[in-house]
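Order of writing sets the chain letters: A, B, C, D and E. Residues in each chain are counted from 1.
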């Protein structure tokens, strides 16, 4: 076998990482945009608190966050037990949990980027759309959202990259089970824990870097295309 | 002693966390703004590479990054040895290393936020400043920079928060030395590793949350003041 | 019909304007920079909320603080042409134009896409993005976008400032016709007297947030006390007339007015059409005997009513030729002719000089098809 | 002095303009929307790079592709008043105004802060931020900001469009004086004939990116082949005159021109001052016998030179009264008077009708101090 | 849900290699499927406490096993001491430090010469706790206390020595055995610290048949051979 061919373990970790990060971004994107909108546009008592809660994952060490998730979403946790009882869904110790952990960790990055973009949107354009007969919802989807595309792209790539690299919260929340929760960083960790695993670890490291780079380049291309359209 | 008073250990960790995060942000802010400017405004071959390298800390698990830092900045590392020989500076195992690790981890967040803001700046205003007699550097400082203040605030708070929560890279790179490198998350981790440390860990957790929230609220106030000035 | 009574405090500036305009057509909002024109238009559009008052357009109550009525902008069906353009940068010119088109109830659409695009001369821009349009091109797209919503009231904030004269001459009659044919009230801000004369039926003069004068163009434009506000030193009489007959070979149209017949260069209007003409005081000469063998077509007998010092060193003479007419002459002429009130004179008016003030609405119609 | 030869392709649009204007004063850039006016001004300012050509202002070579000269914008010392304002939103009005002031070499500053602020009527806005200014207020601040850099060339892209008439009448003479007193060439884009007449010495007519006509206002404005480009259906003669005498009580100023004396309402100008007047063709009547006992002050003998069909159904008659003069009359009048080339006639010109075209530069001076 | 015929093992990270190999044997013998999660004992214990689907827990020290036992989260009847380990002093392979006789008051500070002693964090990492106890018993802790690089796990301490960042380190014999970049310069006397023991047990409530047979399988000579290959002493 060529030394460049991926081993089954590597492929498994790669596939899982993509899957988990993809889901993490997909699920948190709409929520993140909503949260960003609320923070950028509304004024309400307790806004600071909401803002704080969203940023919490950034301030707390990932391991602590993973532990909190475990306590909440574990089989014995408040939410976990409920989910299991009502829907039969187990989150802890499954890839869903890994996605949840990644999403939570990446959420503040996503929200910040979108919010920053939102705050830069010319409100005059929104007013103009209103006078043209579009209700607030339509204005949001036809004017606001397209104008914050750069922020959404930036947020999504930050979130995706952060998810790819997520380790502490994941390992604490969903453990390190191959094929189910052992994403690239976890596989990497496992390899560093065994003697002589350096070479294999290095390979995984390279894979992670390549993956991150590819995502990045894709996002740059997307952003450039968007910018070109605006100038077009 | 009142149960709400902080213990000396807590105070030490708190002080160190603030110190390390403060330095991390202070040092990376100018660099981050520069990098953001280069990425937003210039086109050159290898730009994707630079972009990739900046985002690397996001994709890689912190522990791997800590390891890389150790290899580079350790006493025997390429850069570390040089620094020690020429300037007598040791970075590994000191708070400086903790700050470095935090800065590196937070750098992509900072750069992204500033870049996003930069890309939203109306280039027409810069042109206008040029025709008024300001050279590119003056334009940057008197027009561009003030207009990206929202991005800088957002970037700085993300970086600061990320630094406060930084764990994996720090512990790998500078170990867990009380009073020198044992920041809040490291102290917290230590406590969670012994059975029965939960209560103390919880206290630290609350401290970390309060600290993060305070920073956040401060940044919001700053941003609001800026927005008010623009409308004023 | 417009009925506006709004109060609002913004910063140090207080808007407290009351005006009613019964006119079906165009109401000009006139006032110096910073008088509050844009603010009032924003209130009508629903983009800015008055502290109190009411806004009623054609019997639709858009806002009323006492009755807690406050329609959102999208329900007001205004076509707003903004002072600052506001094209959507992420949409092509076509998508900008059609943005509001589909949102108007089908039954109420009365503006045709192709016609508007052609009229505004933006066919070749249709697939471009706003960022690369010139200033005037942007403004034309903005006009088209607002018109295409088939609005039930048009708000125009200096819409034609960046259009060239030829384009203006095409767009003005179109707007006038919209207002006339579909009974769309138009609130029109402009600093150009020419545009206002050509378009407006009524006028509201604003000063520091208050409506200091409201009335017909005919009345207000000859009021000398408003001159410091309008800034126009040219005053003149505005006369409502009816087309009496067309004279193809002579190149003249005869307009009947209370004092007789006014001959003007040929207008493309049917006999019986109402035409409003403005005769600038500076174009009217006064003669004691009717001049002969002269190219001037209108030599109308009348009586001197009043002589007042005019602008600068000049003298304004009010004549009665069946309706009021203003003539502005030099003190030298006043002395030579020895004019006194009650004296019988002739008003000498070049027909060509009159044409300028013909109301577009009822004027040339060839631009319409 | 301006010497511009630029080529540039932007999208489908090609700019290929060559013009020289020896005039020290104001050069008007005229052309329909999208003709390339802003693009050319941007090249002069250094914001857009021509593909090839050269730009020379007052002997300073700002750009030359053959000599690889390309001064950066900040070295060009242009005062650019943008079509779209571009105030700095993060700075107060005061800081906007002073932004470029300190950057001009001390020795070369010739514009005074207080004077400009007063002239533009923005004293009360000085501590506000641009976001809350009205459209006209913004534009005035933008004008002030550009003027305060004490530029060595002024680029004005429709600067006065959103100013009210009274303000315009104050600002125009100031700009004219700047140009005159400090020999600052001005490149001026406007769609307003009035502004151009009042300000400009030379004119460049642009069409689809090319300069199709370059010359003095006097020449170009009476060229009928340019009418479809300028869009002005009013043509007229522009005559250069000198103040001969002032007649206080008669309220008249006598202006000497090649054909004799023209009487106009009193001008506040010293004897000997050069004054340019424009006499619109529609204000000139033709008589076969000199009318008497009439308020008209100027009844000048002349010869019919040429009779051409004018705008619409009208007829343009070129007269020679010592200099060319245009009269626009109806076909009816042509028939009645039976005009033929070579015929001796009288041009009847109301003095009041002339005043409109007096050059501000050399006109009223009281606004200056 | 994972098949009933599969065993899920939560084991200390230091067992990764050995247990993976044993797991393969287990599967080859068609005794059942094998899934494992290798993490620090503390993390695993907390996960089990929160309902992790583990059948077998193998801890790197007795403390965390005791913790779970107290909470009745493991089936104490199945608990046994699986493995033992030794504590060694290591130096980079190219170090000038030769064989060290680790005895009462040996000159550790002198050997460090101002450098750092890499070891697990004595506050919580088992190898660190043992190391500190040993050094205290030998009476040298006081002299080097300030020069300890407290690592989050024993692997990190090993890495530090491998990189030469620390001239000396304290790790398990099993760790030192597998890298050529370090050499063992001394082994701590067995009485200088509490016995290093890896206890194993079934998780309460998850005692499936496969899990029981896996626990039994760990005691077979086949499994023992694997453990020994990786430097563990089998109890």
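Everything below uses one rule, namely that contacts are C-beta pairs under 8 Å (C-beta built on N, C-alpha and C of every residue); 3 or more make two chains touch, one makes a residue touch a chain.
Keep in mind it's a predicted model, so treat the numbers as computed, not measured.
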Neighbouring chains common to subunit A and subunit E, by label: B
Shared interface partners, meaning chains that touch subunit A and subunit D: B, C
Result of counting contacting C-beta pairs for B-E and B-D, higher pair: B-D
Distance between chain centroids, defined by C-alpha means - subunit A, subunit B (Å): 20
Centre-to-centre distance between subunit D and subunit C (centres being mean Cα positions), rounded to whole Å: 25
Subunit B-subunit E separation of Cα centroids, rounded to whole Å: 35
Interchain centroid distance [CA atoms averaged], subunit A/subunit C, Å: 58
Subunit B residues counted as touching two or more neighbouring chains: 67, 189, 192
Overlap residues in subunit C, where contacts from two or more other chains coincide: 84, 128, 132
Two or more partner chains touched - positions in subunit E: 46, 159
In contact (per the touch rule at the top): chain pairs: A-B, A-C, A-E, B-D, B-E, C-D
Touch list for subunit D against partner subunit B, complex: 45-47, 72-74, 76-80, 82, 84, 86, 88-92, 99-100, 103-104, 128-129, 131-132, 145-146, 149
Residue ranges of subunit B touching subunit A (in the complex, touch as defined): 48, 51-52, 55-64, 67, 108-109, 112-113, 115-117, 119-120, 150-151, 154, 157-158, 161-162, 164-168, 184-185, 188-189, 192, 201, 205, 208-209, 211-213, 216-217, 220, 227
In the complex with subunit C, residue positions of subunit A that touch it: 122, 124-125, 127-136, 138, 142-143, 146-147, 149, 229-232
Residue ranges of subunit B in contact with subunit E within the complex: 67, 70-71, 74-77, 92-93, 171-172, 175-177, 189-195, 197
Touch list for subunit E against partner subunit A, complex: 8, 10, 13-14, 16-17, 35-39, 43-44, 46-47, 50-53, 153, 155, 159, 175, 177-179
